[in-house]
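Please find the structures below.
Okay, so chain A shows up in both of these, paired with chain B first and chain C after.
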Partner chain A sequence: MDNLLIDNIRRRNRTNTRLKYIIIAGAVITVVPIFLIVGNLALKGYRQINLAFFTEPAPDTFQAMMAASSGEVIPGGIANGLTGSLLMVIIASLVSIPLGLMTGVYLYENGTKRYASFIRSLTEILQGVPSIILGIIAYLWVVRNITRGYSALAGSTALTIMMLPLIIRSTEETMKMIPVTIREAAFALGTPYYKMIIKVLIPVSFSGLATGVLLALSRILGETAPLMLTALGSPSVSLDVTRPVSAVPLLIWDFYNDPNMVNLVWSASLFLMVFVLSMNLLSRSIASKHKYI
Partner chain B sequence: MSGDKVTKALLFLSSLTILLLSAGIVLSLTGGAIPAFREYGFSFITSTVWNPTSGSEEYGALPFIAGTVITSLLALLLCIPMAFSTSLFIAEYFRGTRTAGILRSLVDMLAGIPSIVYGFWGFYALRPLLISTGLTDQGFGIFTASLVLAIMIVPYATSLSTEIIAMVPSELKEAAYSLGATRREVIFRVIIPSARSGIVASFILALGRALGETMAVTMLIGNANIIPKGLFSPGNTMASVIANQFGEADGLKLSALIAIGLLLFAITALVNAAGKFIIRRFA
Partner chain C sequence: MSDTHTTEPVLKIEGLSIAYEPGRYAVKDVSATVRRNSITAIMGPSGCGKSTLLRAMNRMHELYPNIETRGDILLDGKSIFPMSVIELRRKVGMVFQRPNPFPNMTIYENVVAGYSLNDIRLKKNQRDEIVENALRNVTLWDEVKEFLFRKGTFLSGGQQQRLCVARAIAFNPEVLLLDEPTSALDPIATSKIEDLLGELKKKYTIVLVTHNMSQAARISDDSMFMYLGELVEAGRTETLFTTPKDARTEAYLTGKFG
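After this line comes the complex of A and B, so read on.
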């Protein structure tokens, strides 16, 4: 009888230890890809990264072929992608940050009222819409009816619709953490409503808002699919919002489809990943430093 | 006082844009899809033929619906053990330690990598690896796409289930320990049962992510407009066929692609709503 009990305990302890090792192994396997991806890109991508990489537009296929066949570094860079990305992201931010802030404040102020809850659900749905569908929408609205052709404006429209729900949700979540007493103190002093928002709500929750904006930016900077249907891409630097422009992820897609340019994809991917990840990490470090609000 | 009213009106107006945007998206997608549905009716969803040759044009969405559902479910299946062990690692075994914090940041980093970088890495690093196993000679297909998708959705499945597992009351766990339960027994008999709905919800939300993922899948699935015949068969998903063929499309083909977009929109909205419902109701 005693033996049976001891056997039982031994068996349970064994399976217990085994599970622990399985869990540790599973967790390690999960994060291995991040090292593989970063390592792979860094190893193969660093060679192409030089000053020209940032200041010159993408080379054409012939130049790349000549360089590759003679074993040289491919000339040119991603300047057209950088300016295009910057242009579209700035336009998207100019529209979605104020609009998202205001809507977020509205949802916070109106809490559980039926209309506010409805808008909140719509925002959640909008946040879950696959980005390629927003590309279709921007195509139907802007490419077809406004700019009559692929354009930076259409690309920014898709990015704006992507950013908006992210900003709204982070604004509302951040404001929820502000103690009500601060608001009440402002009102007790006779502060007008708009001043309370601008001078109290926004400054107090600033780090949370900044985190939300940075996260949203890091999300849209890497977006490719919606831009393929809207901004299309352009071989030269262009700042005209009614014309097609390139973007860093679009360039990666172009390079990827051209066998001569493979070396450039590694560098462009490395650059995009480092940029997006550092933005991501920056936002998280801001968030963890200002947890008290 | 009237100034306050102006402010409130402004805030209200900005909230209206969400309403207009949502309505506009649904209306535009439906409007764009009407020609395809008028031409093929319900058989648009059940037909497996996708033939853009002018003159004998015929469009059916079934291969893409099948491709989307199969890759996403397979990705979810592959993601579950990873997300599960990561959440237990962070919220149970190494709770509150520096190791758990580092692991958490690493998993968060996975969410920060752009989709196209995943696709490119999958193509040049993962595909040769799969070919060398001898299971597939092209390296493209359902499995490759699902594997990369699984890695991409791990952070979404992990972050929520970690929170839910951490919220299981310690009284419950301590009660089980005091009865002599091992940690494994506590996990399977106490933690998982009481965190079940939250864990399920986090997997559903991760599925919603997988359904709409475009670039990585487009680069790895092989882009064949057929119902996939096996794990390593090429296929196409709803998102990837739109990405591949939208550029040169017009007329009926454009409408068929928009109709696929509408279906994808409906599927993802339903899946996300189900996840959110479970969270609100049970967690």
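After this line comes the complex of A and C, so read on.
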């Protein structure tokens, strides 16, 4: 009897140890590529990262060729891409963050009604649409009809349509985790409905909402395909929403297509990767700091 | 029995019926009174409509969209239904079964939440005073005065529940409604809450839903016994427990169902 028990425990311990190693191996397999990518990019791209990299627009082919042939650092940087990305992301955020939060709260509050489930299905479908198709839609709506040419506004439109479903879903999912008793506590104090939403639901779920928004942002920051059909790209810094602008991922594509600018591919990619990674880390730190539910 | 009628009751329930779905009544034609500065216990087996009746007293039952209410409830002689819910809920506060402090707020903020959520501006010294008074009244002050600015959720369950009582009385209500406030607590925390209610009835009128008969016997002055939505029997706790008039009350008190 005793021997059987000891045998049993031994077997369980062995299974336990084996599983532990499998889990560690899994973790290593996931983490190593990230370090390899960042390390590789850093090694190949660090030389280009200096002040000019952030303050000067992309060089033209001739400048790049001259530098490349004499083995110097390629002049210029990604300022036109940075400003273009920033411009489009800000416009997309101004529309999609409030609209997405409101729609998410609406869906949560009216979850079972028929038009709510209709909007929810629409959101789910939208989330699955390939981004290039959203680019084509923005092209048809904005490029053809509104700005009558490639423009930052068209790019923002495509990015807005991408961000919206992400924010709506994360908002609704976050709200679902708030216990009903918290709402009741607010109502029992006479709090009107809209104040309950603004002063209780949103602050209580702040970490989830912020995480959703930041993940949506980091998702669209790297989008290239829809911007090719909308923002097009621009060699100089421009803040005119009705004109074409560049974006960091568009620049990476441009650099890639010019054999003299390969070095800039690495540094621009390094920048984008580090930026998106820090957004993720930031969202994690916010999530843990303001986590109430 | 006689002095029940010497003072105007705080709450007067008249022919109250409540249905969550048309035709299915959770509370059936209930008429009752609640005396000032007393503890009234509402007892009965689970599902008999205790919570529904209690929540009607500050119109929390109206949160359900298809609810149907007939009859009336008078607070100090005036019907509560034409009142604004803000005004009503300031006069009739509520504490729930599970402690539910706002998780994003500090202990201090939780106590004055009724004011901040309704945009009622207070001076800092007024706020400090309300917080200290409310926390003293629920015997929590000495335990938390060092950490007023920590989150309320860091307290133990019993402390959280007392914080919720403090949040309700910070509004200085007339009536305090409690729906099984100790059912999620351990015996020590429970007895603290019970002692507290005995103190609080000097200032407030208390209506307490409980499925714990001995609790009702220990702390209440008046009792109501409900069964299947009906108010079977109501009266002084002592009378109701020693000489119940209705066979169903007797069956419940002797543990035949429930």
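The working rule: the second predicted complex is superposed on the first by the 249 of 293 C-alpha atoms of A that agree within 3 Å, B and C clash if a C-alpha of one lies under 4 Å from a C-alpha of the other, contacts with A are read in each partner's own complex, and residues count from 1 in each chain.
The working rule: a residue touches a chain if its C-beta (ideal position, glycine included) is under 8 Å from a C-beta of that chain, and two chains touch if they have at least 3 such contacts.
Just so it is clear, the model here is predicted, and its values are computed rather than measured.
Trainee: Touching A:Val129, do we find chain B (first), chain C (second), both, or neither?
Mentor: first
Trainee: Go through the superposed model and pick first if A:Ile49 touches only chain B, second if only chain C, both, or neither.
Mentor: Neither partner.
Trainee: For A:Val265, select first, second, both or neither according to whether it touches chain B, chain C, the two together, or no partner.
Mentor: In the superposition, A:Val265 contacts chain B only.
Trainee: Where does A:Thr181 make contact in the superposed view: on chain B (first), on chain C (second), on both, or on neither?
Mentor: After superposing on A, A:Thr181 lies in contact with chain C but is clear of chain B.
Trainee: Using the touch criterion from the header, give the chain among chain B and chain C with more contacted residues in chain A.
Mentor: Touching more of chain A: B.
Trainee: So, A:Leu159: does it touch chain B (first), chain C (second), both, or neither?
Mentor: A:Leu159: touches no partner chain.
Trainee: Figure out whether A:Pro192 sits in contact with chain B (first) or chain C (second), or with both, or with neither.
Mentor: After superposing on A, A:Pro192 lies in contact with both chain B and chain C.
Trainee: When the two structures are overlaid on chain A, which partner does A:Val200 contact: first (chain B), second (chain C), both, or neither?
Mentor: Only chain C; A:Val200 stays clear of chain B.
Trainee: So in the superposed three-chain picture, is A:Met88 touching just chain B, just chain C, both, or none of them (first/second/both/neither)?
Mentor: Neither partner.
Trainee: Is there a shared patch on chain A that both chain B and chain C touch, and which residues make it up?
Mentor: Of chain A, residues 192 contact chain B in one complex and chain C in the other.
Trainee: Spell out the residues on chain C that touch chain A in their complex, using ranges where they run on.
Mentor: So the residues of chain C touching chain A come out as 58, 60, 63, 85-90, 93-94, 96, 98, 100-104, 113-114, 116-119, 151, 153, 164, 167-168, 171.
Trainee: Flag every residue of chain A that touches chain B in the complex, lowest number first.
Mentor: Answer in residue numbers: 12-13, 15-16, 19-20, 22-27, 29-31, 33-34, 36-37, 40-41, 99, 102-103, 105-107, 109, 115-116, 119, 122-126, 128-137, 139-141, 161, 164-165, 168, 192-194, 197, 218, 221-225, 228-229, 232, 249, 252-253, 256, 262, 265, 269, 272-273, 276-277, 280-281, 284.
Trainee: Applying the document's contact rule, which stretches of chain A touch chain C when the two form their complex?
Mentor: Chain A residues touching chain C: 179, 181-182, 184-192, 195-196, 199-200, 203-204, 206, 290, 292-293.
Trainee: Using the touch definition from the top, list the residues of chain B that touch chain A in their complex.
Mentor: It is residues 3-4, 6-8, 10-12, 14-15, 17-19, 21-22, 24-25, 28-29, 32, 81-86, 88-90, 93, 103, 105-121, 123-125, 151, 154, 158, 182-185, 187, 208, 211-215, 218-219, 239, 242-243, 246-247, 257-258, 261, 264-265, 268-269, 272-273, 276 of chain B that touch chain A.
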